[in-house]
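Presented below are the structures under discussion, each in the form of structure tokens.
Below are two complexes that have chain A in common, paired first with chain B and then with chain C.
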Partner chain A sequence: MYKKTLFRFLALLIVFSMLLTACKPSTEEPVVEPTEGGGPVPTEAKPVEPTEPSETEEVACPASTVADPMGVPAGTWPQQYELTEYEELANCKMSFSSREEFHPDLWTHGFLEGDLPPLEERLPAEPLVVQPYDEIGNYGGTLRMVSIGPEGGNSEHLSAKHVSLVRFSDDHKTIVPFVAKSYEYNDDFTELTFVLRKGHKWSDGHPFTADDILFWYNDVILNEELYPSTPSYWVFGGEPMRMEKIDDVTIKIYFAAPAPGLLTFIARSWIQTFVPKHYFEKLHIEYNPEANDVAVAAGLANWVEYFYKFHGDWQDSYHVYGIPKLESHILVDETTEYKIHAANPYFFIVDTAGNQLPYLDEQREGYAPDKEIIELMVISGEVDYKSQSIGVTSLPVLQENTESGNYTIQMPPGAGAGRMYTFNCTHQDPVLREIFADPRFSRAMSLALNRDEINQVLCFGLCRTQQGIPIHPSVSFAKPEWYLKDIEYDPDTANEILDEMGLTERDADGFRLRPDGEPFVIYNVYCPQAGDPVLHELTKEYWEDVGIRIELKEVTTVNYRTLTSVNEHDIGNFHIGGTSEAVVYSNPQAMLPPFGDSALSAMCGGPWYDWWMSDGASGEEPPEQVKYLIDLVEQWKVTIPYSEEYVSLGQETGDIFSENFWLIGTISESPQPTIVSNRLGNVPEIKIQTFDYFRTLPYRPFQWYIKE
Partner chain B sequence: MRAFLLRRFLIMIGMLALLSLIVFIILELPPGDFAERHVYQLKSIGIFVTEEDLLNYRHQFGLDRPWPERYLRWITNIVTRGNFGLSLIYRKPVTDVIGERLGFTAILAISAVILLYGLAIPIGIYSAIHQYSIGDYTFTILGYVGIAIPNFMLALVLLYISVTVFGTNVGGLFSPEYLDAPWSWARLIDFLKHLWIPTIILGTSGTAFQIRTMRATLLDEKNKLYVTVARAKGLPEGRLLMKYPVRVALNPIVSTMGWELTRVISGAPIVAFVLALPDTGPLFLRALLDEDIYLGGSLLMIYSALTIFGTFLSDIMLALLDPRIRQGEKV
Partner chain C sequence: MADLGGLSGTGTASQPGLRGLQTEKELKYYTATQAQLIWWRFKKHRLALLGTSILAIFLIIVLFANFISPMDPFTRNSNYIFGPPQKLHFIDEEGTFHLRPFVYGVTNELDPETFQFNTVEDTSQAYPVQFFIKGDPYKLWGIIRTDIHLFGVEDGFLHLLGTDKLGRDLLSRAFFATRTSLTIGVIGMLFTFFLGLIIGGISGFFGGRVDDITQRLIEFTRSIPDLPLLMALAASLPKEWSPLRVYFSITFILALLGWTNLARRVRSKLLSLREADFIIAAKIAGSSDARIIMRHMLPSFMSYIIVDLSISFPYMIIAETSLSFIGLGLRPPVISWGVLLNESQNIKAISQHPWLFSPVVFVILAVLAFNFVGDGIRDAADPYAT
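Moving on, here comes the complex of A and B:
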């Protein structure tokens, strides 16, 4: 009888608190807030257990999901909560559970010894609670992925297990805590504080603390033997940032100049800002004076090379078992044919029902060196998730086999700026330079292009035709007219402009001559890695139609790079990669001369870049509007994202590009066919397919699971 | 005979030493290096990388040191401790990377070589004896067609057949469920199911050539006087053929056997690439494309060593087969 009453009371309480929490966000009326004691306790229930104030803490937490929040209001961050936050909002007490068994190789490969401690000791005192998209998953299964080879830039597999201090949420705008519990900038963005989770542990059970971040920065990044020059990502106002440990879970970073972009960089970067100190100490010369002897005994030159055998910025670069990690899955088996990562028993995230994530037992990355083989594997249902290296040209065959392969094809857009052309505005030949630096010439060349045909031939008409702006249309301040300016196919106007420029003399074949009467031949030297060479054949035809003679020449990537870096090219034609908001903001390289990514794929203006970098000692002084552009971008870089100033300066930058035609656009990056197996659960619609936000990470692969 | 062997052996060692230097220089020749490849790979997936990243990577991989220094360390480690260096792609010792694939390479090579000579020699003999017969023409046409069809094309066709008709999975030597399973009866069957395609392709790729060689030399030999004499003395036709002209006609085949072995072991990289075979072929191709000089160099060293060793073996076999060579050495 007594038990029954208690049961009824509890049930009533749950329903009641759910109703309350459900209506909380929609109203501002002073409702009775659920208090710590359990909220408005029905009076008749009080006599039952009057001395137990925290009775409702016994209530298990609702297994809310993004699809069905079950009345749990949103927390500080979308789709995730801190443990105490969730318990408060849902008015419950979370109990934890985990899979029974972990991959046996975790022991054989020297990660772990003996029995695992109980789950409560493996989880941080403050685990991160995430809401799965559709349902609470079940443990088990293998996520089967495939790539062209180890370190072939196969970032989607990398992203499926990646962790960082903070990450992007799936709105591609909000930066949410991840490994860090919280972050905070000071008012002028010269200090950034990260708070870590108490009791967080590496995959070998060793505590993860502020020391591991300090070690990464002070002893790895700032070590002159490991990094002869400090990477520019960590340099602000000309000085490397400074890092200080406040306590075991708090790190403070100081900058010589405002650095609002750093958080964005950490959220999307491939670089992990922590290194397990207890493991790497013995490889580091400052902690272990014998580190060099160990390296030489292993046949390497010195401790630096040996250190890098175990450590690399690119997290795919480690191939040694037993390195402590924070990732959801850790390497347990690797051959030259495949790689297997198994669930980390110390992973720091739980779902709303208190199940330790990840759900997936294993992630397996197989290697198939040939794209056709990858396609065949997808078709026969051997792959659970694949997007990279699948082009739109494969669509017909992929669509035909969705049923037999048991997969769904999503078509999210890419984030690149597409294929671009530049006529070298800093050409070494003064005659050509005068022509190429004239925006009228680029405008004529742009009008001469039949972009619709290019779109049909190269992209089945699935791309957008657009002008060359190194800012993606999805960026918050982008103006639509930037992309539409002078993209219509109008060879007549193009001819008129060229005549007006004085390029009226023609040779016997009808090609225009230079103003000095010499033959006017433009060499389009390209490398296949920059994209399908068919584009160059098409543009050659269009430009020759308006009397501009083009000669094509194919070279290797390295040759192309050499040519452009010494400013000996006529045409720059590399594809400009990530131009999404996060990238342009935290690393706006493509917006500055040489309008590519520094010397690696210069478009034009290399000598301007040299002048700017050497403070005028070498290179060539850029024209006024380029100097103005540089100033503008420098100012814009330190504005607060989405602020008024940020928008107006950003728009001005875009306007300058639109006026000056440094880049001639063709078609946008194509949509990226993305294969998602139907047996995979909790995978939402992928909104953008790019490394800019770390591929799948915003879609939280740690809560993906295998149905059935 | 002993002097012959010793001399051959010493020449072999000298050749290897010289080769190692040539191999290293060849691999150093192409512009760019592994660091550059690595940076471009990052770039191709949309990551911005800077010049200074490139310099840092070059430093990480130790590629900023002069090549003679790197060559000396590489060769010293090979000679003194059998350490072929650290593969840049896999960040693992080269010996581990290659070792993993050596077993399958050997199995593939041996089955392909057996198929190759098992087909070529009897067909060659048949064609020579029955010159201009229907059988001879059929084999000749088949042989030419075999030479004319690119191997990778044949590989794709057979792959397609095996996937659609026999329902095996795509590429590789195992189905995914057996890939990392311990050896069992079922795994062996699965393995054999996958083995036939590469064996046929690797084996038959040299068959036509060997058939033609066998046929041509045998045609020369069988009309020589010693055959007529033997026949006149009443030797049965079969025994006569095997004992005299065939034995002599095997000469060119045996003397090229050493190369054939290397060709099969290096695995016709394109074929192995298309079939995603776990032998050393794709490894070699990848090492070259990515300018992993230690992996590529070591493989090239091994291939060269095999060629040299194969020639050494051929010499011995020839010496055993043909008394003229043994005696020629003594003179």
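Moving on, here comes the complex of A and C:
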């Protein structure tokens, strides 16, 4: 017995070492452990038998999972294989199977006609083989999700059926093939090649080829009527990228400047970089000279309007049945209260046992206009997966009802920059500007904050107290000291610094006066959308304790944005979105003036931004250091990710932020409570809950299933 | 025969000087002034009396909010966040009765698993409630600097209505909210009331040209749309004003716009009264205009106005929060009933912290008291009615 185990292990080791030399590097997947190679083998799958090569042709493939690889070594990419790769590694021959019946509305809504062809013809010749997380699922069931409204707060639902050429693996680092079979950059990142899957088909059975990608780019994105200016995502070195078809399954993209960020963008974006040419050419003026007449007949002004009825970057902007998709689930029913998507009979992924995915028959997105109603739905067990709109403060209620609602709460971190304050360093009042632009003032204000108490009150102590840096601590080049600088609660030192700055005179109530003897009042105007207003009540008290008078005023988001976009605010306090590696790298907005999500929610430095955008025609010339920062970030954007230059430039950027205190951090974005129904299988531990990596996509929702 | 206000005679003593009047009580009744009659009648209305005493208590709260609150409404007790109301005890563990009530020390700790606060009473630590005790310093009416509070405990803490999300004492906050909501609400309401009464009164009494001009003025005022005006105000009010000041000026401006309805009603009532026999009689008797209005006309439709007033009071409280969406209402850190109730409007408060609703009791009491008193005054205002 022992001998056999040893023998098996050795054989596996040989296969594995051959593999290591044969395939590309860079996989994070743990090496197969010897005990697992000889471990117990489930009855339905035969073990790997390298000793008898003659029989391998007939051996069915082992139903390996991430939890139990059953001796199948890791492939080129974590948790997934190409068909031939899997057959070789497992030394088996895969046979395919699928669900018996598909949703009848796929026929009534005009996708399909007559009988479906056999499964072998529906799958690509080279299907993607994925290892389910825990077990081979069973077909059936509905994934019940809920969002605030059509196209509102529903990115997690969109992500659960999303497909793209490549996607992020659940390590949030490795970019793995998805619709594309493989990708390759040239050495200086000026060319990117995608190879597609032979025999891949749209949900109506029509072949999906390189032409569909070319059509998307050349005839949609570059069409000046559809997109009057090319979206910045596709522009590198000032020029739109260029795309060339090599053959039916190969496409090559050329850039005017190194574009190492494009692959990252495609992997994390909600945009699908292909459209079904055979469907859209009827609507496109260059392919159908009568496209305008078709549009007018449909009651619209011209072909562009009509085209947009069926197409949009945001993947639920269409409300029309019958558009061919590559997604796992296809829209079959839409009302004002819900949407139902049914399994795509032509989906290109199979599990390790050869079952065509997805397991889920349907995905249902219901609408609930109110966060409280969403909470109630969760509590009563009407929701299978939810994290958007659920905050830490809902935890006591949600935790109390886990049994009655039959769900588990996961607490992955978010990836935002957390709650931050900025005193307007480009204030219109010269006296205030001088005070606010002085890093000593921000440092004093930072030391005056009792972050531990903030953490307790707002976050049950679950957040991380930190200084304000627009780079998430999980980013590869992040320096720990950035986040720890001056975050201790030290009102005495804060008072000393303020005295040292000359703010020594005080009024009858003990509040400091401005150097010119005027009352010194700072208006903290805020909107509830930027986060729990309790934070402002707390910071008001901390800052008043060191003699800085604060007045609070609540306004609507629009009012707040008006104020900041015309540089009339004293304090910027809107949240800063994505700061995780993929986002800072492909779109480092928060690192540049006005240090916010966009010019709309400026923190400070609006006039600098105007100066920079208008090449000096309007706005104000920023100080040398800010100009240097702008150059630095521009330089950094085209470096190769994780390279030495990337790290050193990125670190220099962070250092500049650390010195200048443009942002005063409080607590990091809180953990994102994620509700996962206990009836949902193959959902792993969510490691980061964020739109930055498109929500659920790294956790492969196409292999989730309903256990009952 | 009119109801004699509980004075109908049972006595037998006769008064020879006054023909037909049997008793001293009857005599008293017929010689009483109108004010006395109103008061006698009002006293009979038990609910109105109850309402009056409640309003009296509210008045004390309004005047002495700092003093009767056990602590400053912004003092955070970080050891007792979302703390439930503490129980007042008279009998200790050993069953001994104490005349002076006491509370036990309480710990309130967050359970890291369930995210619920576990509240445990520590019966070894008893804190007797003491009166006129030193606490958070304050300035009474902005003048007298002191730190004496009506009641409180030494060393420990006393939260009779529990605490909110920042560990602030809800009872103290409710007292301060009462002060804000009642003063601002009532002042705004009274201002509307007097404007409507005076302008409507002038218009209806004099009629003719005066009436024409006043009516056109009313039509002009009514044609000004509220919402755009308020939004323009929201943008134009000096930003350094505190939310309280903004709200006060808004109620003032609302009053300047809102008097028209009442003025119209007063006018039409007066127009019809003007022709009544008793008014003509008063005119012939040589009464001045002011006397006729104040003495004869107003009392005869007082009941109607009082109903109007007591009904408009709850609207004032609702308006307080509804204005906030254009940045004009009361928002934290101002403490008002609306602000406190807003904080309790969620599932969490219902299922986990029901004591956050306790300020509702204040609102209900105030609204009921105003209605009872209004009801009583309305009945009493016309003491000759059957």
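As a working rule, the second predicted complex is superposed on the first by the 645 of 708 C-alpha atoms of A that agree within 3 Å, B and C clash if a C-alpha of one lies under 4 Å from a C-alpha of the other, contacts with A are read in each partner's own complex, and residues count from 1 in each chain.
Rule of thumb we're sticking to: a residue touches a chain if its C-beta (ideal position, glycine included) is under 8 Å from a C-beta of that chain, and two chains touch if they have at least 3 such contacts.
No experiment lies behind these values; they were computed from the predicted model shown.
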item	value
Clash or fit, chain B versus chain C on superposed chain A	fit
Which superposed partner A:G312 touches (first chain B, second chain C, both, neither)	first
Contacts of A:W270 with chain B and chain C, given as first, second, both or neither	first
Touched partner set for A:L376, first chain B, second chain C, both or neither	both
Contacts of A:S232 with chain B and chain C, given as first, second, both or neither	first
Which of chain B and chain C A:D333 touches, first, second, both or neither	first
Geometry of the superposed three-chain model: angle at chain A (Cα centres of chain B and chain C, steps of 10 degrees)	40
Between chain B and chain C, more extensive residue contact with chain A	B
Contacts of A:L552 with chain B and chain C, given as first, second, both or neither	second
Partner chain in contact with A:P396 - chain B first, chain C second, else both or neither	second
Chain B and chain C, minimum CA distance [Å, superposed model]	9
Common interface positions of chain A, toward chain B and toward chain C	372, 376, 556, 559
Contact set on chain A toward chain C in their complex	372, 375-376, 393-397, 399-400, 453, 456-457, 460-461, 521, 523, 525, 533-534, 537-538, 540-541, 551-556, 559
Touching residues (chain side chain A, partner chain B) in the complex	144, 149-153, 155, 226-229, 231-232, 270, 299-301, 304-305, 308-309, 312, 314, 317-320, 333, 335-338, 340, 366-370, 372-373, 376-377, 380, 382, 388, 414-416, 529, 556-559, 561-562, 577-578, 583, 587, 589-590, 597-601, 690-692
Chain A-touching residues of chain B, taken from the complex the two chains share	31-32, 36, 38-56, 59-62, 65, 73, 77, 81, 83, 85-86, 89-92, 97, 100-101, 156, 159, 163, 169-172, 176, 179-180, 273-274, 276, 278, 282-283, 285-286
Chain C to chain A touching residues, read off their complex	74, 76, 78, 81, 110, 112-116, 165-166, 239-240, 242-243, 324-327, 331-333, 346-348, 351-352
